[in-house]
Structure formats: structure tokens, C-alpha cells
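After this come two complexes, each holding chain A, first together with chain B and then together with chain C.
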Partner chain A sequence: MLDDLPQRPLRVLLAKLGMDTHTVGVTIIAHALREAGMEVIFTGLKQTPEMVCAAAIQEDVDVVGISTLSAGHTRHLPKLARLLREAGAEDKLLLAGGVIPQEDQPMLLEAGVGKIFTMGADTRDIVTYLKAWWAERQAAEVP
Partner chain B sequence: MNEHIRGLVSANDNIAAETSRWEAETRAPFVAANPERRDTFTTQALKWPIKALYTPADLDAVGFDYAADLGFPGEYPYTRSTRPNGHRSQYWTMTQVTGFGKGEAWAKRARYMLDQGLSGLILEYDLATTNGYDSDDPIVEGEVGRAGMALDSLEDLENAFDLPFDKLQYLMSVCNAPQPVNLAMIIAALEKKGVDPSEFVLHIVNGILIEYTCVGRYIYPPEHGLRIATDAIEYIIRNHPNWAPLSIISAQLQPAKANPVQEIAFSLAICCAYIDATLERGFDIDTIAPYLNHFVVNVDMDFFEGICKLRAFRKCWARLMKERYGASRPEALKIRMMTSPTTIALTLQQPLNNIARLGIMATACALGGAGENMTTPLHDEAHSLPAEEAIRVGAAIQHLVAHETGVAETIDPLAGSYYVETLTKQMEDAAFAEMDKIFAMGGATKAIESGYFQRALGREQYERNKDIEEGRRKWVGVNHLVLPEEKREIEIFRLDDSMEEEQIAKLRDLRARRDQGAVDAALEKVRAAARGDDNLVAVCLEAVKVYATHGEICNAMRDVFGVHAPDSQLAGV
Partner chain C sequence: MMDVTEFGHAVLAGKVAAGARAIRWLDDGDSRGAAVLRSIFAATGRAHVVGITGPPGAGKSTLTDMLVAELRKRERRVGVIAIDPSSPFTGGAILGDRVRMARHTLDPNVFIRSIGTRGQAGGLSRSTHDAALVLDAMGYDTILIETVGVGQDEIDVVNLAHTTVIVGVPGLGDEVQAVKAGLMEAGEVFVVNKADREGFEATLRQFELMLHLREQSRPEDAWSAPLLRAVANRDEGGGAIVDAIEAHRTFLKASDGFERRSGRREREQVLTLLRAQLVAEIMRGDRAASILDDVTARRIDPYSAADALMSDWRQ
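After this line comes the complex of A and B, so read on.
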């Protein structure tokens, strides 16, 4: 059942923050999510948390995915989570992926990151996770 | 057709017939009883089918002709080598990448590397520098000194150049988007150190078009990026004729998953964009081609794809210069290459395995002709910044390939291999077909502006990742011979924040004590040059000498050029 996407496709914003310009990971994820039927928007490089928060609201996405490979995660992700909360957009799933050491993860989850996938994660697991999250979300919204 | 040639042709016809017989009588029954390991055998990146056996009949099938396709070393089309004597007179120059932290720390590491027998160094800068910001710009917080040296002002380079310039023959500087600023700083720093610029080779990468294609460290829109790169090229050709003003780092396309044909075609088409822009400055092709013929090429673990790519690269360059531009000087027809094992073959898992991978790939580089330089990444690079032991092993790998394997004792030892010649020829043909397509769309700058390169690479990235996830490509430690309990986490190199604070303090101290009036005037001249046609390197040189900072000069050009911000479609994501 979970393999069937609910009627509206999941909308995902993918973003890169700061000077981190490694795009192979985010490109692979974008292709995999599109192939799984999701709508994917990429912000481009060198974004600030403020820019990503504004884009997430403007594009009315369900998920905000941040790809991080150059150690900026401990600064950028908590800030983005806070901005989304302040904008009343805490219902969006904040997803983080890339090089995120185990020891940093509890702090990020505490700060409002919904789920973390580290480098080498199988794209099929990410798709499965998002489909399940979306199915649950849609089920919860049914009155 | 003379008798001798006729004899060869009929011999090959005979071989084709004999091969069919062998297939039917000997191989097919064996395979029926012993099924093959996999359904299809293909090369790793191109996914071209690999036959069980190659014979002279395959050479006929691709139209192989010794004289036209190979010729002799040091002669057109240079397939066998650009050097008349291969590596029998001199080995390639053995080089290694370095650069982190502050200038002084880099100088210490660089001296260590020179002591290990290396004679060339590559200087890499942090992401603040390569993206055109000063260390105290809020947008680069946390990046200062992380991926390379922090470079804010001429003072930082004066500290970094505390080096034995008698041992150092070659320095490559990798700072693409802000190229005129970086070049000006190096010229000014060498001047301050009293180094004779004719005594060694400064090589700037100047590779902004590849930044737009896949690396992402761009600042200005592509047309302006190409203009400032061309300013640097022109300045070097006119003022430092023994230096190198451009490198086409095909080795950045490769980790972005360009296959060998895309690597050759995209990087040669990109080079043509620089050549065309430089020709417009009033030079002729035979003068400029020897300045614009430096390529850095990676070799991956598919041994024959790597070797054949290096051979095809030499020939494609020669043909392109001759056929497209009418070049005639040998120096213009010869490509210069730095080769390197690729970092993307290395694994985080079981890192000692990477030493074996590096040895194999370095051997492939040497068998493919090595080029003028070879550089080796380090086996623990995926984990953290290089440790001294890894640097020593990395240097040793090149020495043992050179001294212990015998692969450099004869020129192009794999020439004549039915498989190698077939694959080399197929790559050349496919690369020219792809280049024709790019030229038809208006050349590399247009291919960047339309997102063609970026989307092509994005598709390769996705497909090749799927090959690994779905097990079509076995990768030891990743999806084969996995150690389940192994911790497979990258250790992030956490520079302590005090380094960033120190660098910012130094920068602010400099701003307080320099002549601000002179700086403002120099920056205004940079803006004026950017608006007009004056060469930007000359005005940047004036600016860095009065200690205008890197970020300030880049901002002056931002004021005029604007910034590049591609959308999803153009980014290929």
C-alpha cells in the first residue's frame, strides 16, 4: 500500500547552503525522487537559510531536503529549522543528507531536523521513507 | 594496394573467418557448459560492450591504420606519445596537492612535501577564496581555511611563499572565478620574495567554464567569466611567456561522472571557447595553442578505459588543432597532460585498500603515457585531511611505478593490442561526434548557458549510482566484501575556530593600517576596467599592492558583472 503514492505528488525542495558546491549527491537524489513520481525543485547553490525558508513557503513544498558536505550542518540546519518554525511552516519535513557525523545527529534532530540520511544511503531507502511519511501525513489529514 | 598490404588484408579476412570457427567449435561449447559470470560485459563508465576476444579483424572493423592512427612518438598525431623518447630520458614530474589553513601552515606542509622528493606543488584555496569572499564575510562563516588556504590579502601569500624556490620547479594555483585577483597576488608576492619569474613555472588553472559545468565555484555570469579568464591568458602570454595560463581540468568532469567520451569532448570544446576568445585578442593559433594545451586527466579503475582515454586525448587534440584551426607547429599540435588516479574510486570503507587502487590507477596513467606531470591523491583522503604518512605513501606510489614496474622503459607499451587499439579508436570517433554536436549548438559557452553539459552529467551521476545500488558494479568494501561492523563515517576535519578568528583578526588589522584612499582609488580602477576592455590583471595588480583584499576586488567586479544564479534546469539537478 505504501508503495502507491497518494493522489497528490509529494513536493520536495532540495537546497545547498553556504559555499558547499558538491552537487553529485543532490543530483542523484533529485533524479531518484522524480523517478519515484515526486515533484522536485532545486534552489541552486550558495543559499542562506533565509533564502531556503522563503523558497519553501513560496513553492508550498511538503519536504525541504538539505544536502551538506562541507561541515556547515551544525550552523545552517538549526537555523533553518528555527526559521521554518517562526514562519509557521514546521509541518514541512526537514530532511538532511550528506556528511553528517553521528555525534552531531542528536543535536540536529533536537533542533527540528526530521530525518537524516548520511553519505552512501541507498536512494531506494530514501524514497521508501518519504512515501511512508507522505502516506501517514495524508492519512492524518483525512477528517 | 601493394602486395604487402594485400597480404595483410587477406590475412585479417582469414582471421575473421578463423575467429568465427573458434567461436563455434571451441568457445561456444565451453560457455554452454560453463556459463559466463554475467549477462553482459561492459566498460565501467561508457558501458560499451566488451567482447570475449579481440583480433586483427576488430582493427579492420574500426578502420585502424597504423600510420594514420598512431604514427610515431613525438610526431603527429601523437597517439603514442608527445615525447620523442617517452619517459626514457626523463620521468614525468611527480606532483602532489597541498593547501590548508593559513599561509604559514601551508608553507610548512609544502616544505615537507618538497623534502619527500616532489618538485611541483598544487596550491588550493578555501571556498571563501575560490568563491570570491573575504574571510570575515558572514556568508563564509565556518569555511575559512577548511578546504584549502585562506587568502585575503597579499600578506597571506607573502607568508605562504616562505619556500625553497630552488627545489620548486612548478606551482599550480587553483582559483578560477576570481582569477585576475589571484594571479595578481601571486605576481606581487613573487616580486616581494625576489623570485625571478622566469626561473620557475607558475601554472594557473583559470578553469571557470568547468566551474559552471560541474564544480559550482562561479561568481559572475558565463560571458564575463570567460572574459576575465581571457584577460588572465592574455596577460600571461604577453608578460610571462614561460608560464601556463590555463588548465582544462577534465579531472573535475570525471568525478562529476563524465564518461571518457564526454570528458574528451566537453573538455576539448571548453578549450575551444578559450582559444576562440584568445584568438580575438589578436593572436594566431600557433602562438596560443602551446599555452592552452594543458589538461589534467583522471584515470579511474577501469584500466583500459583509462589508458585508451589518455591515448585518444592526445590524438583528438592534435586533430582538432590541425583540422579546426589549421595549426602547424608541433608545439601547437601536442597536448600537455597531468594525469592522476581519481579520488572517486577510493572508498571510505577499508581505507588501506585505496593504496592498492592508487597503485593500479597510477600504473594505468603511466601505461597511457603519464603526461608531463602525475599527481596522486592520498589513500585516506576520503576520511580527513592528509596525514604525513599518507603523503609519504602517495609520493612513494609514483616512484615505485616509475622505478619498479618497468612500464616506463619503452614507449606506449600497449600499442598494437587489439583491444586497446579498438577502444582507443572508438573513443576518438565518439568524441568527435559529440564535439560536432556541441559546436552545432554554438560551442561550450552555449552548452553551459543552455544547461546541456550539466544535464548530461546529472544523468550519468544518477545512472552510475544506480549501477552500484543495484549491484551491477561491484565495489570492494561498498557492496562487495563488506565488513558489516565497520564504521563508515567520514571524520570531518574540524579546524578549531581560533584559526578562523585569527585570520579575521589579521584581515581587520590590515584594513586598519593600510592606505584606505589608495585602496578606494584602485578599486574604482577595477570597476572602470570591468566596464571597459582594459585588462583586469593589470588593475588588480595595482590593487593588491596597496593591500586591497581579495573579496573587495571581487566585489568591485560584482558591481559591474552581476552574479550567476542558475535554476534547477540549468544546474542539471
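After this line comes the complex of A and C, so read on.
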């Protein structure tokens, strides 16, 4: 059974920043990624960008996923992107989901967020996106 | 990209990103992991490796968090490896132990790594031993290994750790029964957590009795395992537990027990690696595959198949 599984599961850190306590979306994402064979590291609520950056490096994840529904995204996400860059971890994919108004999205993508999924996003699309990203990344790594 | 020797130096210098990447390679079975390990092995063997094990939900993560805080008061640099189960069906996992250790995230002298079991039974992952070596080489003084929630015989951690802390809790009914077979025999420090809960006194007495029986069957100069209480989510009891953990280290150091224990696990690792290499070697090629097909079709029994494969390989 397990012999057939991929040797290198994608590792994804999931976190919530600041005082945002909406947990439904992040829980759904965590389970969807687990079902898709990924390792999800959950850091819990009330994280700061500094904490997420430190945890992402210790855990050596491939993807950092932030779920944000309480309007902190324009502050927190650019800061996190900058911290990851400064730590030499810009190769990690920064994903965001939750309540992120359309008009804020160009600025976030510009600041280093790789991809944004908002309300009603189908978890299958998220999984498909991550698998494609991972396949591309692994293909690029082969010497 | 740094080459592997540079990588080894970075790990030895305690660089977090390098250590984290080395652990990833070892966990993934990437050959670069083995290469890094070769270059750092000589610097390992210093850290005190401590296992934290017990039934699911006993408070292992919360207790680990408390022990990290206590060790930090004593200025130890602390590495944590927290293991959670991977799904046997998808291989995926939700690793949530570090949620309880969040207050140490920004401490530069604490490194926390979550690892999935990835199909390994026994309460650990295949990579746990190697991950502990990397943290050892990075200069962490104490390495705490939180196992998955264990039952009767998932006690691999006792072969890996110098000191194993067994965490029990009131309210699981027969949980002493559950740890009896392996853990009661193997642990060096016993903690009944959730001392604020109903049934605590009864659980404590059960543990006392088991430990008393255990003492009687051991030589007089053997380590006498202390039984302690804790309320981990209120940071109560950590001092005495760390005292006991460090007393056990001193006890091991008084003889050659410390080196003997690490030596035993390195030797075991050689055999594990050898087994994997041999099997891979023997199973290479079409003939091996067709013998396995014969077993599936019940044309040949497993014993004869193994004999046939061995004699093929010898030639």
C-alpha cells in the first residue's frame, strides 16, 4: 500500500495570523491536503509573520499557506513575503485564502504572494494547483 | 546551491535552514541526506536524547512545551522532534503538535520539527534517528522526541533515547494496562499528567504499584524510576521532571551507560540500512519480480520463494 506512495510528499505549513479566529476554511484545507497525500504542518492561531517565517524554515516546508478572513491581509502578507525573502526562503510558495477583496489582490501578488483562493474555492482546484506547482518544481530540480 | 561538504559545515555551525534541509533529505530518502550525515557524524553523540511517549491525548505536546521552557531556564539549547501519524491510505498527515509549543517559535535556541510516521510502525518515523543526529550536530544539548500516541507495543523510542519519559493520565480506565507490556518496563521517568483531573489519585496508585513490582525484579544498582505529577497546561511540575531527566543522564554518565545506549542505536542503524540495501539488491531484476508473481498466483510458497531468491543472489 504505502510502497506505491510518492517518496517525497509536499510539505505545507498552514497558519492564521493575528486575531483572526475563523477556523472553518483552514480546517477544510488541512484535511483536503492530507487526503491528497500532503504533509500539513499546522501552527495554530494568533501567529505573527515572524513566527510563521521561523516555523516555515525549521519545518522546511515547500508551501506556506495563510488563511485570512479578518482584514489583516494587506499588512501581514507583504510582511511575511519580505521576511521569507530576507531569510533566503523565497523559493517557498506563499499561498493565501479567505476573505481577500479583488481590489487588494494585485498588490498582494506584486508583494510576493504566489496565488490567492477566496470564498467558494473548490478544494480540488487547490490540490490540482499545488500538485502542478510541485511537479514543475521537482522537474526543475533534477540535475 | 551549496555542495554537500559546505552543507555539513553549515549544519555543524548550527545554521537552522541547513539543518532543516538536511532533515528533509533524510526524511525523503534523498541521497544528499546520507552524504550530509557522513560529514557530520563525527560531531554527534553529545546531545541528551529524551523520548516523551504515552497514549493519544495524554498531553505529550503540552508537556514537551513545558519541558522546553524549563530547559531554557537552565540555558540548555533544545531540539524537538514531534511525530504524528501519516494516513496509511494517502500518506498525507496533519502534524499539529507544534501548536502547543508556539511560545518557543522565536527562541533562537529552540528548534522544533514535525515529522509524519510515513508508514513506519512503532511510534516513530524511519527518519527520526537521523533527524536527532542532525540536531545533535547542530549543537542542541537536549533533544526531546515526542512519539505518536502509543498503545501496547509502539515503543521504538526507548531504543533511540537515552532517557524515556512515560506520560500517563487519569480517565482512560485501563491505560496502565495499555502501557504495561512495553512502556512500564522500559521508561526511566514516569509522569502522571492532568493531575487536576478526577481519578488522578487512583491512577497514581496504579502506577506506584506497577513501579514497585518492577523495582523488585531489578538489581539493586539499577536506575530507580521516579513517579512524578504534572499539570502541563498550567506549567506545573516541569522542574521536577527536568531534574529527573538530568539525574538519569548523570546516572548513565557515571558508568559507560550513555555511550552504550547511543552506540546500541548506531549499531542497530547499520543493520537497518544493511537490510534495506540487501533487499533492494536481491529484488533487482525481472526474475525476482516473476518469483513474486508466482507467489501471488500461489504457484510457489513464500518460504521457497525466499530460498530461491537468496540462492540466485549468491551466484
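Quick notes on this structure:
Operating definition for what follows: the second predicted complex is superposed on the first by the 136 of 143 C-alpha atoms of A that agree within 3 Å, B and C clash if a C-alpha of one lies under 4 Å from a C-alpha of the other, contacts with A are read in each partner's own complex, and residues count from 1 in each chain.
In the analysis below, contacts are C-beta pairs under 8 Å (C-beta built on N, C-alpha and C of every residue); 3 or more make two chains touch, one makes a residue touch a chain.
This is a predicted model, so every value here is computed, not measured.
Looking at the shared chain after the overlay, A:Glu50 reaches chain C, while chain B stays out of its contact range. After overlaying the two complexes on the shared chain, residue contacts for A:Glu59 are found with chain C alone; chain B is out of touch.
By the document's definition of touching, neither partner reaches A:Ala135: not chain B, not chain C. By the touch criterion stated above, A:Ala87 is placed in contact with chain C alone, chain B being left untouched. Within the superposed three-chain model, A:His31 lies in touch with chain B and with chain C [touch as defined at top]. Of the two partner chains placed around the shared chain by superposition, chain B and chain C are both touched by A:Ile41. In the superposition on chain A, A:Thr23 contacts chain B only, with no contact to chain C.
Applying the stated contact rule after C-alpha superposition, one finds that A:Ala111 touches neither chain B nor chain C. Residues 30-31, 40-44, 46 of chain A lie at the contact with chain B in one complex and at the contact with chain C in the other. Interface residues of chain B, counted against chain A in their complex, comprise 127-128, 131, 133, 139-143, 146-147, 214-217, 255-257, 348, 457-459, 461-462, 465-466, 469, 478, 488-494, 565-568, 571-573. Residues 1-2, 5-9, 11, 30-31, 33-44, 46-47, 50-51, 54-55, 57-60, 87-89 of chain A touch chain C in their complex.
Against chain B, the residues of chain A that register as touching in their complex are 14, 18-24, 26-28, 30-32, 40-46, 48, 70-72, 75, 99, 101-102, 118-120, 122-124. Across the complex, chain C meets chain A through its residues 16-17, 20-21, 23-24, 28-30, 86-96, 98-99, 102, 105-106, 111-114, 116, 118-119.
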